[in-house]
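Please see the structure below; I have some questions.
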Amino acid sequence: MDELDIEVVADPDLQDPVLVEGLPGVGHVGKLAAEHLLEEKESELVRRVYSEHFPPQVSVEDDGTTGLACAKVHAVELDDRDLLVLTGKHQASDNTGHYRLTDAFLDVAEEFGVETVYALGGVPTGELMDEYDVLGAATDGEFVEELEAVGVEFREDEPAGGIVGTSGLLLGLGERRGFRATCLMGETSGYLVDPKSARAVLEVLEELLDFEIDFDSLEERADDMEDVANKIQEMENQQSNVAPDDNLRYIG
Amino acid sequence: MDELDIEVVADPDLQDPVLVEGLPGVGHVGKLAAEHLLEEKESELVRRVYSEHFPPQVSVEDDGTTGLACAKVHAVELDDRDLLVLTGKHQASDNTGHYRLTDAFLDVAEEFGVETVYALGGVPTGELMDEYDVLGAATDGEFVEELEAVGVEFREDEPAGGIVGTSGLLLGLGERRGFRATCLMGETSGYLVDPKSARAVLEVLEELLDFEIDFDSLEERADDMEDVANKIQEMENQQSNVAPDDNLRYIG
Amino acid sequence: MDELDIEVVADPDLQDPVLVEGLPGVGHVGKLAAEHLLEEKESELVRRVYSEHFPPQVSVEDDGTTGLACAKVHAVELDDRDLLVLTGKHQASDNTGHYRLTDAFLDVAEEFGVETVYALGGVPTGELMDEYDVLGAATDGEFVEELEAVGVEFREDEPAGGIVGTSGLLLGLGERRGFRATCLMGETSGYLVDPKSARAVLEVLEELLDFEIDFDSLEERADDMEDVANKIQEMENQQSNVAPDDNLRYIG
Amino acid sequence: MDELDIEVVADPDLQDPVLVEGLPGVGHVGKLAAEHLLEEKESELVRRVYSEHFPPQVSVEDDGTTGLACAKVHAVELDDRDLLVLTGKHQASDNTGHYRLTDAFLDVAEEFGVETVYALGGVPTGELMDEYDVLGAATDGEFVEELEAVGVEFREDEPAGGIVGTSGLLLGLGERRGFRATCLMGETSGYLVDPKSARAVLEVLEELLDFEIDFDSLEERADDMEDVANKIQEMENQQSNVAPDDNLRYIG
């Protein structure tokens, strides 16, 4: 295998397509959002991207068959415009790999005539959330204004450490190659997979790209996660109740 | 030395050979199984594979002589068909190396006309085992059915994290190059070298490839390991008995 | 993107220029010093250096726009001579990258006719400082004498572990390419960003390169840092005052 | 700079030379031994080997001048035969680098007509030593016998993990290129720099290569180290004496 291997699965003509990226990251927000898009809308797999820079790994499907680590690009046809949706189970496993894979993703986008890139992700707040703001960053000031107009938040010094991984490089390398790109980051505690944050991000995307999507299945996952979170909290409360007695044992 | 260096030691004509891989991994199950095959059957070393992607290391034999880190491929002639058995003391030491070495192993397999690959390994259960099921994964559904027919287990979401390292890539890269491949994973606690799990895997292989093998020496190693496991457990029991008194010392 | 990508932003004619480097490091002394130079003097951005060896990351500016990780070279025109000032938010993220990036920085320096390199940095003392000596190292004995003449300290076995990263390689690779190079290292505790140490380094540079600079804004940052340091110390004192009581709770 | 850069400093004709390697490792035994050879015998620097695979670092000499990380090869003329002595402050900083640097060292050896390689090192015992055996490993059985004849120990399963780093690869890669090679490993606790172990290794080398060397300066360093070791032990003893009282404080 070469360092990078882009498998052409299909080559449909797409109408004014944009790239939407949702690879694993903070709270798996971007991944959940992109996968929800693919579940709710009809889609066609158009590319698989294999690389030595992915972990040396196969996944095992429910039927017992295996698939080599890769990123997938699906085409989704919406009313007004089409989407290329980039998903996968892995980020690159080394720094150089992040650069080379992101360049490959942008090659695919370029082939299909993409001009605008939406990287989806999460931004960790360190605390459990009730409301889910969506933070933004973009390659140019005009794009920033467009995003502010639909409620995306821009805050000084956030995200503090910049944006890392594929999402960051889609903006960084994308800008240098002439793409307009934004990263939409749903606030999330950072501790758990967060379907509610994914919904918040998708709602911004709905407005930006003028489409509608059903959130029922994502809400179900959110309820499941809430049950998990509540159980964790209960267990923690029980532990801290027990602790004092535990200490007493050492005193007599 | 080049990045990869395949040394041709012998070039026998083989009859309908399959590749059997047993490199180090969980419970050393695959390694034990492959090495037991080589101990019990007559074999001929046919290739050594050296690489910068192995650790920078020599092993020291009992006679004081050294050997550079490598993987070895032996030919084993059985009644109906021949085997190529891949063994070694090391996995690749970096991610890219896993891809490049596995491609080299598949090159060797291709040279000998191999069409089917059996990767042997272990799957950790986290607890000491009484019965040893063998879990499977394969490159295509037909192969899955063949394996189910001889008692290999296929379970949803297992192994949870997919299959990593050479075993995983023999399936992932193998499929892309047109090989049929399976990974047979013996259940094992994950804490100890596990000859019993290796036996379970070999029993499946006996049935699949229609050969017979003696397990006495493997059983001896299993008994030795059991002694070790029992001693560890005894020591742990003693420690937890001692602990309370130990704490008392702090109280008066 | 290539492994290294030097973007030409401007190509002014410079008068007898020297290279001044201030990338992140111990106490951010070099970075603070170089950035202060750029704040106080008029400067022109002449090069951006991008590389796969930088972290895969974009920074987000206060206006919400992003910039790919890079190092920047500014030209600063002084009365007698000009400076090329190398700054950035990152060091290389791997060892090989340090070598390749430093060679790229020296390529830029060579293009502009630079003969002498001043790497700025900090040397950790492990304790809070009242006086800030500047330690030196240089590529040749004559340069050492020049530096001693303006008060730079040279001490046996300091810095103990040599000089690592870009600063070190500007001397090591620089010497091999025919540059004269020195590293000026302000003493600093190593625990905090240290504007006072940066000032000490800049004062040496003023004398060496015969220019003057205002330190008011750097002093303000130093005062801010001192407030931070005092608060930390207060908190530590309070904690150690509280500790005895805390322990009592365990006794009765 | 290229990935590897062998600087030719001198090109003397050498009489039947052997390569003696002493890079940093367990107890710095090999490094101490090789450096002691260079201190006691007249030597001439013949090669410097620079590489991206060394740490990105310069050392600072006592006169304040710097030197880029490198390995050095000195020629030492003895009565009967000459030595090429390989020393340096660093091992390669990555696995691939170990392979490439060792190949470069063997290139230098080949240029000078070397046929036999002596890698010097330490083998950790985990306890303080009174007597210092020297363990061996070699590329062929005949060499093993030669070494046994001068008192080198060969023990089954020692060293347990094989031999890693440059010393290991000088045997592993050396053998594949037609060199005879041995690794002589002085027993050492593994906790401290160990001049006594270095002496034990050099005494074996004296006998093998028929030369004599003065050990006074090495003995002085050994005495210094013993003082250090004694102080550490005293401090440990005091701490364990204090500990009980310390615990009492928590009880009342």
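By letter and in written order, the chains are A, B, C and D; residue numbering begins at 1 in each of them.
In this section, contacts are C-beta pairs under 8 Å (C-beta built on N, C-alpha and C of every residue); 3 or more make two chains touch, one makes a residue touch a chain.
For clarity, every value in this text was computed on a predicted model and none was experimentally measured.
Listed here as common contacts of chain C and chain D: no chain. The most distant chain from chain A, with centres taken as the mean of CA atoms, is D.
Distance between chain centres (mean CA atoms), chain B to chain D: 36 Å.
The distance from the centre of chain A to the centre of chain D, each centre being the mean of the chain's C-alpha atoms, comes to 51 Å. Within chain C, the positions touching two or more other chains are listed as 250-252. Pairwise chain contacts present here: A-B, A-C, B-D, C-D [touch as defined]. Residues 92, 95-96, 98-100, 102-103, 136-141, 144, 147, 154, 156-159, 161-166, 168-169, 171-173, 175-176, 183, 247, 250-252 of chain C touch chain D in their complex. Partner chain D is touched in their complex by these residues of chain B: 1, 50, 52-53, 55-60, 62-69, 93-94, 249-252.
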